[in-house]
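Working notes, structure below.
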Amino acid sequence: MNVGIIGANGYSGVELIRLLHQHPFVQLKYLASHSSSGKLISEQYPHLQGIIEDRIGELDINEAASKIELMFFATPSGVSKDLIPAFLEKGITCIDLSGDFRLKDGTIYEKWYKNAKASDENLQNATYGLPEIFREEIIGSTLIANPGCYPTATLLGLAPALNNGLISGENIVIDGKSGVSGAGRKASLGTHYGEINENMKAYKLGSHQHIPEIEQIISHLSGTDHPITFSTHLVPMTRGILCTIYADLKIDTTTGELLTQYEEYYQNNFFVRIRPLDVWPATKEVLGSNYCDIGLKVEERTNKLIIVSVIDNVVKGAAGQAVQNMNLLNGWAEETGLTFSPVYP
Amino acid sequence: MNVGIIGANGYSGVELIRLLHQHPFVQLKYLASHSSSGKLISEQYPHLQGIIEDRIGELDINEAASKIELMFFATPSGVSKDLIPAFLEKGITCIDLSGDFRLKDGTIYEKWYKNAKASDENLQNATYGLPEIFREEIIGSTLIANPGCYPTATLLGLAPALNNGLISGENIVIDGKSGVSGAGRKASLGTHYGEINENMKAYKLGSHQHIPEIEQIISHLSGTDHPITFSTHLVPMTRGILCTIYADLKIDTTTGELLTQYEEYYQNNFFVRIRPLDVWPATKEVLGSNYCDIGLKVEERTNKLIIVSVIDNVVKGAAGQAVQNMNLLNGWAEETGLTFSPVYP
Amino acid sequence: MNVGIIGANGYSGVELIRLLHQHPFVQLKYLASHSSSGKLISEQYPHLQGIIEDRIGELDINEAASKIELMFFATPSGVSKDLIPAFLEKGITCIDLSGDFRLKDGTIYEKWYKNAKASDENLQNATYGLPEIFREEIIGSTLIANPGCYPTATLLGLAPALNNGLISGENIVIDGKSGVSGAGRKASLGTHYGEINENMKAYKLGSHQHIPEIEQIISHLSGTDHPITFSTHLVPMTRGILCTIYADLKIDTTTGELLTQYEEYYQNNFFVRIRPLDVWPATKEVLGSNYCDIGLKVEERTNKLIIVSVIDNVVKGAAGQAVQNMNLLNGWAEETGLTFSPVYP
Amino acid sequence: MNVGIIGANGYSGVELIRLLHQHPFVQLKYLASHSSSGKLISEQYPHLQGIIEDRIGELDINEAASKIELMFFATPSGVSKDLIPAFLEKGITCIDLSGDFRLKDGTIYEKWYKNAKASDENLQNATYGLPEIFREEIIGSTLIANPGCYPTATLLGLAPALNNGLISGENIVIDGKSGVSGAGRKASLGTHYGEINENMKAYKLGSHQHIPEIEQIISHLSGTDHPITFSTHLVPMTRGILCTIYADLKIDTTTGELLTQYEEYYQNNFFVRIRPLDVWPATKEVLGSNYCDIGLKVEERTNKLIIVSVIDNVVKGAAGQAVQNMNLLNGWAEETGLTFSPVYP
């Protein structure tokens, strides 16, 4: 099967290239990027020398449609919503890594993203591509809204507890921590090594665009609408997201009992791993892989459940999840091309 | 004035050496350490070559008492409680950087620290050395229990809001993040570079020994007793603590109004800096200094106050605060020897 | 084909596990480690949870020989020389990642390693497993001495120039820089995060045990015996070696001409990539992969050739090269199981 | 004494602010920067909140001359050469941290810097501000060319050996390694955290503008003209330079004898520290301080001297050395305001 990438020059794009190169069933036949059009991808990324020597082109929809059957959009917010309709018309399956099609209510998108929304029709057609929760809906879809990095870690951490009615949807606090690759490859003072190294900082408190995305799925899982308290922090590392989630328990229980429920909930899910009692996950333990590792702690003194969930933001939080979705869309085993181990140390 | 350090070979000890070397009113006359007795401090720490060429000795209380008037204890938990009584008897003022004298209730100490407690008499005599809250009590004390690193950042972040009745003491969630120096200089798999670099992890969820210390002072500030939910994380950096604190607001207010109240509360406190609206602090902005920087955000959707508080764990979280306490004890300006700027970048 | 690892608990061992897990033709059937015998490998390395759940055993040569046909030795210096003879007797092919069989002259080994040497017979039987130079010798061997990390980077950088008589074997200066994983997983002050982070230091100047290994192969390539000047430095990163090599040119030439000669020399070598003019390699561009990337610069003012060579010390410098050797020994394509891209960023 | 800074917004500028704030004899009265004119310095650098609340201005020479007696120029190459003549005319002492006045031969400047040169008159008037070598010349000068970071580390490492005729000026190889702050605060792909972290790379091989600066002073010290071989590498850390220098010994000697000669050469120099036998310096051991630490190794097998020299590039390699020069110019003790310890860990 032939596939392409628009936005090939960013960190999500280049990670797609790495993963698709290892995938047994696809050929990468089309690479486009506005900012680096005309260049070899290996000039932009010398680690690909001798592996991928394709040239990046300026996007031409007709050319693309003639070459590929499925397109990945690794573009900044507000770009894919204008491109995807034409691809869908030509029968190309679209997997969008940006936030343009994640929120069903376009007015909420416009409020949080400060961009014009996609058409309501396409917003309704789009499927939220978190396979562990929406596997059935993904199969048969033609437009996948690949989840955000923080929402992926958060929702996989919350889903069993919300689904089984163990915690309240009210009063959920999510403390997110991310490596710097989440900010993309664009140079800025905020990603300058001298400003990030040996430093940790909070950012976008109360205004991060992933807030409504998380709330939308919490509402789906719990059947109730409640705002969340969500904060984000930048950590001096390149890859990795760790979300610490605090929720009010509705029942008397123990960490051990909850671990069992989590293991059962995820028993047929290749990419979710539940840590044993008194072990909590670390971001490096998923580095380079599509795993999401989860640890739990019942804080009996306050009757809170503390959930720790980690992913590699570039893999399970972006490119890896997109490949997982592609596998589902094509009826391949979900883990095809993604069974490699994390890179440690 | 002549002072000494017991536990000179650890990270808190060597930071005391750095700060005392720059202090205009003291002479460092006594260095003891069990693990490195007989060695030059500059052998253990070559950065001190030509600056401090003293030899570290095995502790001898009589010798120490003949040389110094004030002793800093930078020892592991459970050590200073056995040493300090003898020093107090000889009229030596004691500043303890460990947790041995912080908790008024010795049974709570024994439960969380798994060590035998100090005598009740000395626990009652000890003053909790957080100058911004207990300045008056510190002056005139002879035994200072220097606060822990997480409690310092957390309590300075909470004090104005609790003191002014803006938030409830119930349902406080504290998400702590620390650099690795907090674990001390002892080699272990947990501090191995290959395990920490490009990694973030949670640890000691629900069981960190700083929990009762924070609760004790919250109770003092708010007049009510409530357990806190507290988690801790290791960040790939050497110095720095960032605590993100979530509390339920009791009033309708705005971030701007709270910033004003915080500025007023801390107006005569040299080492606390309140960030302006929509600016949040970063650990590197206090690196090497005794500052505590605080940022606020009212999350109106959930009526929570989010407080971000940062310190250098080795300075305001340990050695710097100890020097600040020494200054108060001696009637010197509180900031004496501590007015230098953070090191940035 | 069934294979095993002795020393499975170290960084080279666990990297072998990662690579063998992805290899299409082998099954990992035996894991031994003295220090972690009886434990699950996934307890020691949680990133392997759900991937490899085997238990590590205490070495039992008969049991091992009944289960596997090829054994990897990822043991400290001085261990494999005592184990390998028994394995060879039982007809097990041995690939040794330690330095025990690299030096043909056992007295030199004893001088630099401060250990007793292997038997002269086995030293002569062992083949130095640098496939780009000794491919023919490796095929058909039963005992491979897998090269050291610094020698791999250095010798691949020097081979074309020495082989083609472009540089003198005299007066070669090699300035090596390594990430910390090269020191292994054992906890020590020298690998403590607080001592390594934001720090660079020189170590073992003039006494590194890789010096005679490099000299032995330079002598083979150039036909002359000359000592090298070799220094090593620790860099605050986990993976990666960069060697900068300075050699006296014997001819008048240009960087461009030398690049052409290097490309020709390595044209049928999958894992060596020559950077174009005025581009020099970076360690991250090979991270997680078996590539060795090389850049050149003719310094016309001094008539020196400057060679920059990078590898991932844990892959091409250890486990990856061992797998490459295994492929050659078995007549498989040399790159089998090693064709994945580096992980970037 | 009143002083000012032009280029206050860069890393060298802000380090000057830190050092001058701690200096007992000066007042910082003028801050100019083209890029951040009109802003508070504490907006650009929040770590200075409450410490320096001055506003940065657009440069006005008359205003500046009315306020200050000495000006620091922390500007990019090619800027100060056009500004300094007017300041000199007004009787303002000038300390230039850029390369504009370091090379006596303006045509060499133009070749390596690709900028127009300063006037020959001012080039001749300028004094190369490396106090350990040119102390007498600095006293009484009105225009100081503050040395580059690599030249400072390299020349302090070479001076005793060249001065005492121990090594040849021919065939010197210098392998330089630098933290990222040397590239300044300007955002670029080359300073992006994701590109630098867990990475080491070579850059500017054979073309670094510090080459002629080093050669000029080697020629002064040795009395002979020889080109050097010089390479530079970027290390994943913020501060610090480590230069490893390889030179041909002209005599039979031992490391111990050379250490003695180095100690004697630097015996009255506050900021140079010679490490004992078999100890080599690390960049973190000088972090935040004005020290230069040097270690030696005689490699008897090749009769080379290996010199390892480390500085903090922002301090001894820029702002600290500038303050040291200011002290000399004013007849103050050379170490005034610079006696604090490095920050460790």
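As written, the chain order gives the labels A, B, C and D, with residue 1 at the start of each chain.
By our rule, contacts are C-beta pairs under 8 Å (C-beta built on N, C-alpha and C of every residue); 3 or more make two chains touch, one makes a residue touch a chain.
The chain lineup, named per UniProt: A, B, C, D = N-acetyl-gamma-glutamyl-phosphate reductase.
In this text the structure is predicted, and so the values were computed from the model without any measurement.
Undergrad: Going only between touching chains, how few steps reach chain D from chain C?
TA: Minimal hop count between chain C and chain D: 1.
Undergrad: Can you tell me which chain lies farthest from chain A, using the average of the Cα atoms as each chain's centre?
TA: Result for max centroid distance from chain A is chain D.
Undergrad: List the centre-to-centre spacing of chain B and chain C in whole Å, with centres computed as mean CA coordinates.
TA: That gives a centre separation of 46 Å.
Undergrad: How many Å are there between the centre of chain A and the centre of chain C, using C-alpha atoms for each centre?
TA: Centres of chain A and chain C (C-alpha means) sit 36 Å apart.
Undergrad: Centroid from C-alpha atoms only, then distance chain A to chain B, rounded to Å. What do you get?
TA: Spacing between the chain centres: roughly 38 Å.
Undergrad: Among the residues of chain C, which ones contact at least 2 other chains?
TA: Touching at least two other chains: 11, 181, 185, 194, 197-198, 236-239, 281-282, 284, 287, 345.
Undergrad: Applying the document's contact rule, which stretches of chain D touch chain B when the two form their complex?
TA: 11, 14, 17-18, 21-22, 45-52, 181, 185, 197-198, 238-239, 273, 275, 279, 281-282, 284-289, 291, 293, 314, 339-345
Undergrad: Under the stated contact criterion, what part of chain D meets chain A in this complex?
TA: So the residues of chain D touching chain A come out as 11, 180-181, 185, 187-189, 191-194, 196-198, 236-238.
Undergrad: Give every residue of chain D touching chain C within the complex, in rising order.
TA: Against chain C, chain D makes touches at 171, 173, 175, 177, 179, 194-195, 197-203, 205-206, 227-229, 231, 233, 235-240, 242, 244, 246, 280-284, 287, 295, 297, 299-302, 304, 306, 308, 310, 345.
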